[in-house]
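The next block holds one structure in the form of structure tokens; read it before the comments.
Note that the chains take the letters A, B, C and D in the order they are written out, and that residue 1 is the start of every chain.
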């Protein structure tokens, strides 16, 4: 995986065999159980999965923001621009957070501190990382607020979070995250709590700012395949704490390899197509995080499973150039001898 | 802001209503209850007469009693010849007092009447005792904060550790000993020769304090005062410290798990800054709100601790007035107590509005 | 407005000029200083066996309409004519709780949050049989247990799961329990308030299919309230679009989706992302700004502050729904005039 | 040896109490509830909480300890009392302590009249002196020797009288004659009395008597005349007063034990009634809302501004309150108030949840929604405060008693002991130390329960980021 580079783009982030576990009343929940993927510089990667698939935990593990107790990173490496984040000291990690990697969260309601003004929260990171004076920081903050489309930014700077609407708060979060022009922006379900028109605004804003500020890559975590289709270059599909399929967005939607991805795609209503009488569904329910099956994580719900799936966990295999899939039944076709990862 | 102003105006308007309800109720109870001041005066006079061997009046029933004129005089003196509502209104000062040339003289005019016991205006009595109670209460409350906040923070940050568990034992033991009992135990241990006789056995100051003060022996006076204050202050601290420590701890624990703390860490802020600025600022809100309510509660605690440590404050005054049935003083203390509580509640709201920008009272 | 909800044969529900306003109190004496017009004159009808989709962004009043029809909240004015099984038409608005009770067996609701919509202390069997206790008190314990088991199997659960408690089920299964509860009294009309919004994608499809199957089997009518346009489009026969307490467009689902007329509907539909990278729409209509607070609702057309086609006269009066083509109604004189 | 036996008896009593608390009462309760038709099984949510509570050892053991002690204390009349459990004399049998115990639940009238001295070989019409009786039973020779002593005393008195006043001769006046005769009759009567006593002595000697005394044969209001010095007596194990006596000479041990029962019972009743009223008011407020809520809330605010301790003191200074009056005053003035706030908030929260809306939408009646749907869910957070409420009410009772405005004088009470302790802090520390330790230990146990309940119902998650 490391060397097959059609585009020759540089890799920004490589996650290898990341495992993050949680203690749930004495049992170990393997929320993230061996995740491998990478990101190119300046790309938008979508990380898709249903609730409990481990996508948010993956993001938090990269940031080393797993609450402990009850969670911990069991093993794995997260190489960011060559440095393994898991091996940094706390102080080194702190220098990276906010400055090189920043993050926005799902709930713009609770992610901002309610008792400090927007201005205070925007400037403190600037003052900390860039050693800016208060004035400079304020100017930069106003500039950012204008950039994310908050009218009357200079005055609104001293408003408190509760005086903004949900969409506006998410804009503030984006301004905060991008104010130090990080190399990587992790957006954890940034639009889930918002209405569809506001969602469109926020997604567009993120892509727009990415264009303007230059080299920020975005890791977009979402459960909504449609959002991915509209915004991302490549997609990684997670299920059961593992990456099940990674592909450029067109390939994934036109030639989904993994039965899970296929199931997800067919279970979406498609208003743009001819109306189906019924949606095709994935049978069964998502197992609890505590009792995913052995073997392939998906075999309990898989319509095409075979005997081997119940016991042997498939590898993530490159089935065609830059398209990886974790399924016994999907084997490399285009490039014989595709490497396993 | 307009909604807030009218909220506070509404709260202020409620004060007189509450005030009248409570004082009227207590006034009524006092008037209705048997064993009122006339009974008391009767027994006292009779005893005096028997001892003095003076002439005894005989009532209509043939029993020994006060002469009717004397009873009437007493009734007028205690305003018992009035119906309860009228008596109350006279006390309040919105009904002319016929016995004083129809003047309006009552609480509204700042006249609480005369103390039966001290034979001086009630207000003078109360005002002379008030500062003593307030001094103790405030120093005690301040001391509680100084102890509780660092302890609560430390406990939250070391949740379920050895330190947390051990200090919890102490905190809950403190919760199980009422403040005045703690005072009593301390008096026993450190006021008598039982363990170590280092503190005085109650009292506000030494008896010769005023002489020493006039003699200009300043340091001696300060030391003496402090010496007398140690045990009562510990009593006040004991009364509130467990609740406040646990409140601080739980509040900080809740906030440490909040989303915005994660955001702050994600910005790359230091742990110190996140905990002591972001999380602590939010966790202080419930504590600040408790200030107003605590002021009302100090009043209740003062009865017990002042009685135990023999401090001549409002509480001891109230206690003695109860024993002596000094009703005007009792009503006066009630007025102070109720007003302090009501103002304390409003103070809590004001503080909440100040420290929490989200709060908008409507 | 005639024709939108005109009395016609086969209508199970006729909502006419429904208004739900909340008073706003302020000042020292808490006098009423204004009102929030959560629902401000909404009219529509539902035919027997039909699904009406009600879409709009949060705060547009779609859930309030549902609760108003259910009479879970007080209605300010308007008529809600419901046709019972017996063929009688009853206006629900003037009914009190007692008058409403017998009708409740015919109108049921499915709720959004599968976690809070089931009492955590009750077993699933108790939850499903509660409506039976109220409306069919004559049932014996055995009959009731049979009915609960039958209902559970109808919604794709197993009958013996009746003694389990809600926390033992996943979100999708709980939503099935909620559906079973709604079906217990064999209703004619089911209001589904965002029934799939809280569910995972793969579970969403299962629940939608289930609802469609049940509709076929029992001839149910649905009012399907949701903010997800693609889901609504899939399940509904007709769609009604709401904005700030008013209906702006109503018509057959396919048509409204394919050729939206009202500027708001157009913007809403173009904001919906599609799961197909090949369909990235460059000509997307972006709505500027956000939905105004219902406390400060604009005069006239509520949408005029964000409308790209607004003209001066839009501020004057709330535009009525006008039939622009057969069974399509739009509340916008600007586009209706141009199109029609 | 004597102490060892006492300790063994104590152990047996506690063991029986434990059995009753952990086995008997739960069984009885379940029986009663099932008979009424209330199911005693909990929902899994509650079961999980109970499991979690039991897992917190300290809290669970404290809970067992306090309930066992409280249940056992309901048999104090049978274990710590100056009345005999069973007394029999020449075929007559009585159960005075048992009677007193029954009287606790079912008023029998003047129980002291059931056991008259004259019926049990003592002289007089008042209640039997059980301690004396027991002493005689233990040492029947004592009766004889005392009888002999009385006899010789009488003889001595008679001869002394005769020596001083010789038999009046013929010349004596009518008056003198009569006086002498009367005196002689008196002596004869006493002689006769001694003769009956002789019969009694025989009964004792023949062993036709028995007397079972309680474990600690002193009641809370008995004065310890048997102690050598003037009250208060310091604690002394040899003299049989391990905690000493108070200022009036009453034994401290029974006062502490009976005081424990009164304190806990008071706190339980106050908080129980407070819960009933608070839930009623708060529930109505939260469920109906609107103007009912606004007006009630104003009333609650006004009512809550009353300084309750002071008001109770004022009332108590005029009317001596009984246990029930004090309880009611506490309930009316304070204990229901705090609960309304929580219940109201919980009802508001729960009512907004969809499961309640669904019940309304199914046409379920208000009463059923309130009692079956909302209440069980709203009660949980409120229940966690109960132990802390009990601590507060015990503290209030002790405070009131301490100030002298509590239960009537003579009622066994920790607060009253503390008051005596304060008055004698210099010379009789045991009057301070014993109630302080008992109070602290009791409240600490209750607090431990409270903390465990809170932890079981609402475990604080602690997670740390860096």
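Operating definition for what follows: contacts are C-beta pairs under 8 Å (C-beta built on N, C-alpha and C of every residue); 3 or more make two chains touch, one makes a residue touch a chain.
Computed from a prediction, not measured in an experiment: that's the story for all the values here.
Undergrad: Where the contacts of chain C and chain D overlap, which chains show up?
TA: Chains touching both chain C and chain D: A, B.
Undergrad: When contacts are scored as defined above, which chain pair ends up with more C-beta pairs, A-B or A-D?
TA: Most C-beta pairs in contact, of the two: A-B.
Undergrad: Which chain is in the middle, if each chain's centre is the mean of its C-alpha atoms?
TA: B
Undergrad: What is the distance, in whole Å, between the centres of chain A and chain B, each centre taken as the mean of its C-alpha atoms?
TA: Each chain reduced to its C-alpha mean, chain A and chain B end up 58 Å apart.
Undergrad: With centres defined as the mean C-alpha position, give me the chain A-chain D separation in Å.
TA: 66
Undergrad: Distance from the CA centroid of chain A to that of chain C, rounded to the nearest Å?
TA: Whole-Å distance between the two chain centres: 33.
Undergrad: Return the distance between the CA-based centres of chain B and chain C, expressed in whole Å.
TA: 57
Undergrad: Any chance you could list the residues of chain C touching two or more other chains?
TA: Residues of chain C never touch two or more of the other chains.
Undergrad: Out of chain D, which residues touch more than one other chain, so two or more?
TA: Expected reply: 461-466.
Undergrad: Hey, what residues on chain A touch two or more of the other chains?
TA: 65, 67, 90 - these are the residues of chain A that touch more than one other chain.
Undergrad: Testing understanding: with touching defined as stated, what is the shape of the graph linking the protein chains, line, ring, star, complete or other?
TA: Topology of the interface graph: complete, with all chain pairs in contact.
Undergrad: Enumerate the contact residues on chain B facing chain C in the complex.
TA: Chain B residues touching chain C: 2-3, 6, 9-10, 13, 362.
Undergrad: Per the contact definition, I'd like the list of chain B residues that touch chain D in the complex.
TA: Touching chain D: residues 14, 17-18, 21-22, 25-26, 29-30, 33-36, 156, 159-160, 168, 172-173, 175-178, 180-181, 184-185, 187-188, 191-192, 194, 201, 250, 253-254, 256-257, 261-262, 265, 271, 274, 296, 299-300, 303-304, 307-308, 318-319, 322-323, 325, 330, 333-334, 337-338, 341-342, 345 of chain B.
Undergrad: Enumerate the contact residues on chain C facing chain A in the complex.
TA: So the residues of chain C in touch with chain A come to 57-58, 170, 172-173, 200-206, 208-209, 212, 227-231, 233-235, 254, 257, 267-268, 271-280, 284, 286-287, 290-291.
Undergrad: Help me check something: in the complex, which residues belonging to chain A touch chain D?
TA: By the definition above, chain A touches chain D via 64-65, 67-71, 90.
Undergrad: Which chain D residues qualify as touching chain A in the complex?
TA: Its residues touching chain A are 461-466.
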